[in-house]
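The following pair of complexes shares a single chain, chain A, combined with chain B in the former and chain C in the latter.
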Partner chain A sequence: MGDYAVPAHFLLSHIIHNKIIKPKPITSKTIEIGSKYSPEFVCTPFKYTLGTLIEGLDSGAKILIQAGGGCRYGYYAELQEQIIKDLGYECRFYNLVTAGKTDFKRIYRMMKEIDPKFSILKVLYYGSITKRMLKYMDSIDHYIREHIGFEIKKGSFEKVKAEMLHKFKMVKTHHELKKVYQKYKQEIENIPIQKPENPLKIGIIGELYTVMEPYSNYELERTLASMNFEIKRFTNVTYLLFQKHKKVKQYLKEISEYVTYQMGADAMDNIARAKELCEQGYDGIIHIKSSFCTPEIGAMPILTKVCNDYNVPILFFSFDTNTSEVGIKTRLEAFYDMLEMRKKR
Partner chain B sequence: MCHCGIIIHKEKNTTYNALGDKMDKIKIGIPKALHYYYYGTMWKAFLEELGCEVVISPNTTKDILEQGCKLANDEMCLSLKLYLGHIHYLEEKCDYILVPRIDNYGTFEQTCTNFLSLYDIVSNLFKTPLLTYNVDVAHKKSELEGFIHLGISLGKGKEQSKIAYFHSIEKFIKMRKKQRIQELKKLNMTNIKLLIISHPYNFEDTFIGNSIKKILSDLNVTAIDGEMITLNENRNSEESLSPNLYWKYNKELIETIPVIKDNIDGILFLSSFPCGPDSLVNELIMRKINIPYLNLIIDEESGSAGMETRLESFIDILENKKTVR
Partner chain C sequence: MKKGYLGIDIGSISTKGVILDEQHNIVTSSYIWTEGNPIKAVKDLLHQLKESLEEEIEIYGIGTTGSARKLIGLMVDANVVKNEITAHAIGTTHFYPDVRTILEIGGQDSKMILLKDGLIEDYAMNTLCAAGTGSFLSSQAKRLGVDIEDFGHLALTSKNPVKIAARCTVFAESDLIHKAQVGYKKEDIIAGLCKSVVLNYLNNVGKGKKIMPPIVFQGGVSKNEGVTKYFSEVLKEDIIVDPNSHLMGAIGIALLAHKYEDGKMRSLDVADITFETKGRECEKCSNHCEILRIYKDSKFIESWGSKCGKVS
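What follows is the complex of A and B.
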């Protein structure tokens, strides 16, 4: 999923001795394969991940690992395993999460099966480095999102970031990681930018896969940056893995006038974020999701109400495997013009 | 809950007039959609024992469907659209509307995410005050607690609510047993027997299910409702089909398949478009069973003509198979 392949590969390559096949970046071919074998009205991430898994098998993978989450995502693994077996592939399929619950004993047994030399100590050590790496990556991304729209030389942020990720792959200790991070942080902060005093600020919220996988949202963030927006996005891996469970209660309290209960996946979180963005004076909000994402669909009427109450425009995108890129661009341009007009007034 | 205070206050206003004479009972609306088809009898018994008047919305009409589609988001599933239509019908016809929030009956007994957000969607879209109770067994919020809470928000005592709950659940179990015996009797029929795998809020609904029921009875087919056969004794028999399944309602449906599979001629999978759990579970089951099946997906534009043709040809195949045997 986007750049997160780097930490995932880092962790796995250090804790197990099997050969790891790096997933190819998602292409239109991936989607074609994925949609061909998927049920008709399943949500889009199912199609993307199925396509990726099949491409992995084609390049020789024998073991597949799938996770799960708090909505339909938790059931992906079982059906994908069946589809892959029906297609005649021979492989072992491991599902890390069942019914939205992580059972560490079960995972330990699974890892032992995959690699008999598997050791807990290594997991703890490299796990802590990976956690830190994720945190660094997310904080750099956060900075980049706020400034990339105003870089003087196009592509300078992305170039430095790619270099940093490359260096991240080779670190061995916490100390090395920190050094690399500090070096590149400085480099990124020194990139010349030309930021107007009061730029248009936009917040991106929505379903986690679509938000984090740039291919599935048709490079929305890049398009927004080229329109000179300052971008803010909340969902990232650090949030999902390490912060979400702490934040839930606080979020529910903040939006008690709209929402009383948790709504599955990140739906409730997104409503709280929308309110936060409205209160912080953002000019607009973009909500993105894959088509048929049930929790987000449930959140949409409430999001509309929140934005109405605060008088902040919100744009909804629902991405499918065959959404037209030109259509997205046209809608974004119209949204931009509208925001600019509002700001001038 | 923030609602309690308001509700008791309002109840005092409506139940007694200035002279202290009793006035009308509190009117509580129940939309005839989604969980009504599971818990409707229970709610009615419970609320009536506590002295409320229950207003149930009528069977789905064209108007209800249209209103629902207008209110809902276009990607919402048909069943949820119908639910919103029913709520719209009840507005201004009652003092409160009952919209429960049922999350799960345990880690492996979860419901669809629409059921989690239902209360919040309705409370943001409509003005009529809502009554609710929360079931989240995985986080230690049992159904009993939920009903006691419901009783308290109606201004009744804890004990009284508890007793009413037990009475209502007794009634509910009795009804389910009776339904099950009736449904199992159908297995002895000699004509074509078709197992219906469909959520009751789809199959029992007049807009979605009625035309299919009629077509089937015209074709002289016995339709066996998979949901009604479910009872605790065949719990976990579904594990042979799907060990990791964690949706309560889908579990209840597919666990009937291994139990009666030798007694039926075919299976009809009926779901509303685009049902989240069904999209995955039914696909998996279709890949695993070797019984003839038909998969029908219904949306608000489905005409009965197309369905009739598909059902007819499916039944033809089943009949041929039966005579060859």
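What follows is the complex of A and C.
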């Protein structure tokens, strides 16, 4: 998912001795395979991940690992395992999360099964480096999103970031990681930009997979950057793994006028973020989700209400494996024109 | 010589062209079917526009909008290429400065634009479904053996419109066949269809939007009196349909072409230019991007569609 293959590979390659097969980047072939073997009306990330798993099996993988979450994502592993076995692949399928719970004892036994030489000390050490790496990556991405729309030489941010990720793969200690991060942070901050005093600011919220995997949202962020938007996005892996559980209560309190209970996955979080964006004077909000994502469908009417109350426009997109790219472009262009007109007023 | 500005709106079903003078009066306009060939349609359109000019005019700006805007923009060397939502809003506010809601139903898509003080406040566009658009009506007209131009007129004669389950065009068609088979009158079915387009549009595109008067209805379907009648019935407001309602997009983009005039004079003679696009599937990775290469007079000018940007 996005660039997160780098930390995931980093962690696994240091804690187990098995050969790790790097997933190929997602292409239309991945989706074709995924859609072919998926139930038709399942949410789109299921199709993407199933396609990736099958591509992994085709390149020789024997062990698959899937996680779960607080929505239909919680059933992905069981169903995908069944589909893959029905297709006749021989593999072992490990599910990190069962019944919405992460049981560390169970995961430990599982890892011992995968690699008998598995050591808990290594996990603690490299786990903490990986956590830090995620934090660094997400903070760099945050900075890039705010500035990439105004770079003078096209592609300069992406180039430096790719270099940084490459260096991240080779670090061995906390110290090395920090040194690499600081070097590239400075380099990125020194990239020349031409930013107007009051640029159009846009916030992206929505279902986590679609938000984080650029291929599945038709490179939305890149398109917005080419339209000279300053972009803000909340969902990233650091948030999901290490911050979400702390934020829930605070969010619920902030939006008590709109929401009383949690709504599954990130639906409640997104409503709170929309309110935050409105209050911080963002010009517009884009809400994206994969088709048939139930928690986000539940959030949409409330989002409309929040945005009406603050008079901030919101644009909804549902991405499917059959979405037409031209249609997205037209709507985004019109959204841009509208925001620009409103700003001039 | 007089200065003029050309706006072309190339939709899925029809292609509209208009020439405005510097005071923004309509000098001439034309409306033809696209018939799946925008390049030929625009050539014919420009030919017609040129024929209909009473005095010679120098074109100082060309704007293109509609679904083929990018391609045609390249072909006629347009100085403005803009999406149809903005173009429609600008065209309509030119005639109705205090309009608050624009209902627009075209051949393939339908949209709703909400305005305040002449500026776009909010908009919506239909997403996946065609059940609230013109192509749905025209395919059903064909099935019933009625000319699409008489459709709205016939709908007005009905006293008892049939309820049609029109959530989706495919199901609407089966329900329509069913209603016809049990002996409903043709005009009642037609009126039911018109009403279902209105309800579909309001439930789908207009979901959660505050519709305020004055309301202007435009796009090809606005020529259908039945649909207009049901809009005003359901919304309980007067619906304005301009005689030039089908031209609003073209007028809007012509106004923009004037606004962004770059001082270069343009020609209406594209009839002799050969303009073609060649599509191929790139085999260099598993993305299989569809690469479109565009040739003007057999000379390669641009290519679209590459995801990686390395292939042209």
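What we mean here is this: the second predicted complex is superposed on the first by the 345 of 345 C-alpha atoms of A that agree within 3 Å, B and C clash if a C-alpha of one lies under 4 Å from a C-alpha of the other, contacts with A are read in each partner's own complex, and residues count from 1 in each chain.
By definition in this document, contacts are C-beta pairs under 8 Å (C-beta built on N, C-alpha and C of every residue); 3 or more make two chains touch, one makes a residue touch a chain.
Please read all numbers here as calculations on a predicted model, not as lab measurements.
Upon superposition of the two complexes on chain A, no clash is found between chain B and chain C, which fit side by side. Between the C-alpha centres of chain B and chain C, as seen from that of chain A in the superposed arrangement, lies an angle of 80 degrees, given as a multiple of 10.
Contact with neither chain B nor chain C is seen for A:Ser13 once the two complexes are overlaid on the shared chain.
In the superposition on chain A, contact is made by A:Ile302 with chain B only, not with chain C.
When the shared chain is aligned, chain B comes close enough to touch A:Tyr261, but chain C does not.
Contacts of A:Ser318 after superposition on the shared chain: both chain B and chain C are touched. When the two structures are aligned on the shared chain, A:Asp337 is found in touch with chain C, with no touch to chain B. When the shared chain is aligned, no partner comes close enough to touch A:Ser139: not chain B, not chain C.
Here chain B and chain C are compared by how many residues of chain A each touches, and B touches more.
In the overlay built on the shared chain, the residue A:Phe41 is in contact with chain B alone; chain C does not reach it. Across the superposed structures, the minimum distance from chain B to chain C, using CA atoms, reads 5 Å. Where the contact sets of chain A with chain B and with chain C meet, they give residues 301, 318.
Contacts from chain B toward chain A in the complex involve residues 2, 73, 75-77, 101, 103, 107-108, 110, 112-114, 116-121, 123-125, 132, 134, 242-247, 273-274, 276-277, 279-284, 287-288, 297.
Residues of chain A touching chain B in their complex: 39-43, 46, 71-72, 74-79, 82-83, 86, 95, 98-101, 256, 258-265, 267, 291-292, 294-295, 297-302, 305, 318. Every residue of chain C that touches chain A in the complex is listed here, in rising order: 67, 82-86, 117, 119-123, 125, 127-128, 208, 285-288. Residues of chain A that touch chain C in their complex: 24, 27-30, 301, 304, 308, 313, 318, 320, 326-327, 330-331, 333-334, 337-338, 341-342, 345.
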